[in-house]
C-alpha cells in the first residue's frame, strides 16, 4: 500500500515537469512571434507617413518612399489572382465533385501535395525557363504572375476542395432532384454555399504569394524603375524584393526606410492573411450544417 | 392488362413532352398520369444485392407508403424512382421501372428530365442557403423560366400548395435559414412542387420535425394527393395508416439476403387484416 | 390553379441537347483543371532537366555531385556541388535541432494540456508566423541575430550556418506544429479516456498512448518542416554569408543550394554553362524535396485512412 502513493506522486511530478517543458515550447513560439511583430511595429511604424507611402524612392534608395514598390506588388498579386483563381477553383471542384476514386485521382492529390512542397526558388527556375525564355514573355509582370500562379495553385485548390466538402451532400441531392444538371447544382448551390471558405483560402494563398521573393527575383522584379509598369510585359518593383535590396544590396540606407518597408510588407501580407484565417474559422463555426 | 396496354401506347406517343406536366397540375383532369410500375426491380451496391424482386404498381394521385424496419432499403428503393441512385456511384438497378409506361432506365432517358417530373423531399429539411423566393424559384429557373410574373405565379402556387404562403408571403426575400425546421421542410416541399412534378417522393419528411410540424406536413400531403402521386417512406406506422392509400411493406430478413417486398396493398386492409404473418408482426410492433 | 403554357416536345428537346453540350464542355474544362497539377509538376521536372542537360553533358552529373569546389566564375570554372549540398544540410540540421523539440513540445502542450482559449491564441500566432514572408525573417536575422551571434560566440562574422539554421528553425515551426497538432487532435478521445481510467496521468497518457498513435502524423510534420527548411531561399541567402567552402562546423559561413541559385542566376548568361549548372542544382534540390514530400504525404495518407473508420 505504501508503494502506490509514492509512484503516483512521482508520476504527478513528472507530469508537472513535462507540462512546464512543453509549455515553455509554446511560450517560446508565442514569444518569438510577438518579438517579430513587436520589433517590426516598433521600428517600422515611425517611418510610415503618407509621404513614404506615396512617393518614389530617391537618392539611390536612401531617401523617398515606396509608392512604385507597393503598386508593383499590387499589380503582381492582382494578375496572379486573375490567373490562379479560375484554375484553382475549377481544380478544387474537380476534386470535390467530379473526381472518381481511382489511381488517377490519387496521383492528382499527390501532385498537389508535392507542388505545395516544391521550393519557391525552383518555381523561379521553372518560370525563368518556361515563361521568361521559352514563351518570350521576358522578365515581366506576366512571367512572374504565371510563376506565382503555379506556386499558389495548391493552396487555392486545397482550400476550395475543403470548402466544397463542408457543403452537405443533401444540398447537392436537393438540386439534382429538382432536375438540375450536375454543373448547375454546383454552380448555383454548392459554390455559393462554399464561397466564404474559397475566398478566405484564396486570400491566404495570394498573400503568401505577395510575400515571395525568390521566384520573382529571377522572373521579373526590378531593382529600381523610374516609371510604373505600363503593361503586363513590363518589369516591376516589389515589396519583398525591395526589402531584400534595402537590407543587403544598398549600403547606408536609413533604418526607418528599411523597417518601414518591412512594416508595410508584414502589414499587407501577414495581417491580411491572418484576418482571412480568423474569418474562416469564425465562418466554420457559424454555419450550422 | 388492357388498361396498361393503353397506357403504354399513350406514353409512346409523347415521351416527356410538356403535356405531361400541365396535365398533372390541371385541376380535375381525368387522364391518369404519374403512375409507376415496377417489375422485378433489384438494387445492388457493388457486388452486394440489397433489394431484389420488387413488383408493384404505384397508382397515380394516391399516396403510397413504403414501410419496414430501418435498413430494409426503403429509401434506396425510393431513390430508384427518380434515379437519384445514379448519383451515388457503384449502384446498379435491375428490372424495369416505368413511369406512365415509359421505361425510365432506358438509355435515351436523361435523368435530369426525369427528375423534373419526379420531385423529391428529403429526410432533413435542406433549403439552399439563399432567400425563400430563390429556393422555390430554383426548379423553374432550371427549366428556363425567367419571366418575373411567371415565376411569381409559380412560386405563390407552390407555397400555397405547401401551406406556407400565409406565413411567408411578406418575407419572400428572407434567408431560408431563418425559418423554423417545420417551415423549412414545407419550403422544401414547395420547392419540389414548383417544378410541377407528377410524382413527389418523400423520404421520411417528418422524422426530423416536432409533432405540430409533422401534423402540418401530413395535412399538406392530404391536400396534394389529388394532384400529385406521392410515394412516402416512413418508419412511423401510425403515419402510414393516417395518410396513405396504399402501403408496401419491405423486409430484409437477414444480412446475407437482399430485402424484398413482403406485401403491398390497400392501407386499410393491410392495417386491419394483413395477408402475411410478418406484416402483422411488424405492424403490431413485434420487431423493427 | 393556373396552368402554364406548355412547350412543344421539340423545344424541350432542343434545350436538353444544349444543356447536355454545356454540361460536357464544363466537364472537360474541370477535368483539365483537375489534371493541371500533374502537368505542372511534370513540366517542372522536365524543364529543369532540359535546361540542366548542357551541364550534365559538359560537366557530368557525377563530377558535379561529388566535386568539392565551387568556382563558377574562376578559370578554370569548377562546378562541385558538395559545398552547397553540405551547406544546405548543415543549415537544415541546425533548423532540425530547433524545430523538432520545440515544435513537437508545443504541439503536445496545445493538444493535451492547454485550455481552449490558448488553442485559439496559438492558432492565430502560428498563422501569423506562417504568413510572415521569408525575406522579413531574413531581414530580422540581419538586424538582430547576426550581431548577437557575432558577440555571443566571439566570431569575426555573425553570418554563419548557425544563424541561418536558427531562423530556418523558427520558419519551419508553423508547419511542424500545425501538422503535429492535427495528428494529435485526430487521436480518438476514447483512447485518452481509456488511459486516464487506468490511473495514468495526462502526461503518461500523452507519452504512452497519444503521441505513439499520432507518430506517423508527427513524422510527416517533421518531414514537411525539413522540406521547407531545405527549400528556403531568402533567409539563408541573407544570413549565412554564402562562402562556397565545405564547412567544418556551424560557426562558419556556408553557401546553400537555394542561395546559390538566387545569388548567381542574376549574373549568368541565359543558356550558358553556368546557367545550366544552376538548373542542375535546382534539379538536385527538386529531387530532394520531392522525395521528402512524397514520404510525408504517403505517411499522412496512411494515417488519414487509419482514423477514418
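The chains carry the letters A, B and C, assigned in the order they are written, with residues numbered from 1 in each.
Going forward, a contact is a pair of C-beta atoms (placed from the backbone, for glycine too) under 8 Å apart; a residue touches a chain by one contact, two chains touch by 3 or more.
As the structure is a computational prediction, the values presented were derived from the model and not from experiment.
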Based on Cα centres, what is the most central chain?
-> A
Chain centres computed over CA atoms; the one at greatest distance from chain C is chain B
Could you please state the distance in Å, as a whole number, between where the Cα atoms of chain A are centred and where those of chain B are centred?
-> 48
What whole-number Å value describes the gap between the mean CA coordinates of chain A and chain C?
-> 14
Just how far, in Å, is the C-alpha centre of chain C from the one of chain B?
-> 52
Numbers and ranges of chain C residues touching at least 2 other chains | 19
For chain B, residues contacting two or more additional chains = 112-113
Can you list the chain A residues in contact with two or more other chains?
-> 181
Okay, in this complex, where on chain C does chain A touch?
-> 19, 22-23, 26-27, 29-31, 33-38, 40-41, 43-44, 47-48, 50-51, 101-106, 108-110, 112-114, 118, 121-129, 131-140, 142-144, 170, 173, 177, 199-204, 206-207, 224, 227-228, 230-234, 238, 258, 261-262, 265-266, 270-271, 278-279, 282, 285-286, 289-290, 292-294, 296-297, 300
Can you name the residues of chain A that touch chain B in the complex?
-> 100, 168, 170-181, 184, 188-189, 192-193, 288
Residue positions on chain A within touch of chain C in the complex are 8, 11-12, 14-15, 18-19, 21-26, 28-30, 32-33, 36-37, 39-40, 86-87, 90-91, 93-95, 97-99, 104, 107-108, 110-126, 128-130, 133-134, 150, 153-154, 157, 181-183, 204, 207-208, 210-214, 217-218, 240-241, 243-244, 247-248, 258, 262, 265-266, 269-270, 273-274, 277-278, 281
In the complex with chain A, residue positions of chain B that touch it = 82, 84, 87, 89, 112-113, 115-116, 119-120, 122, 124, 126, 128-130, 138-139, 142-143, 177, 188, 191-192, 195, 201
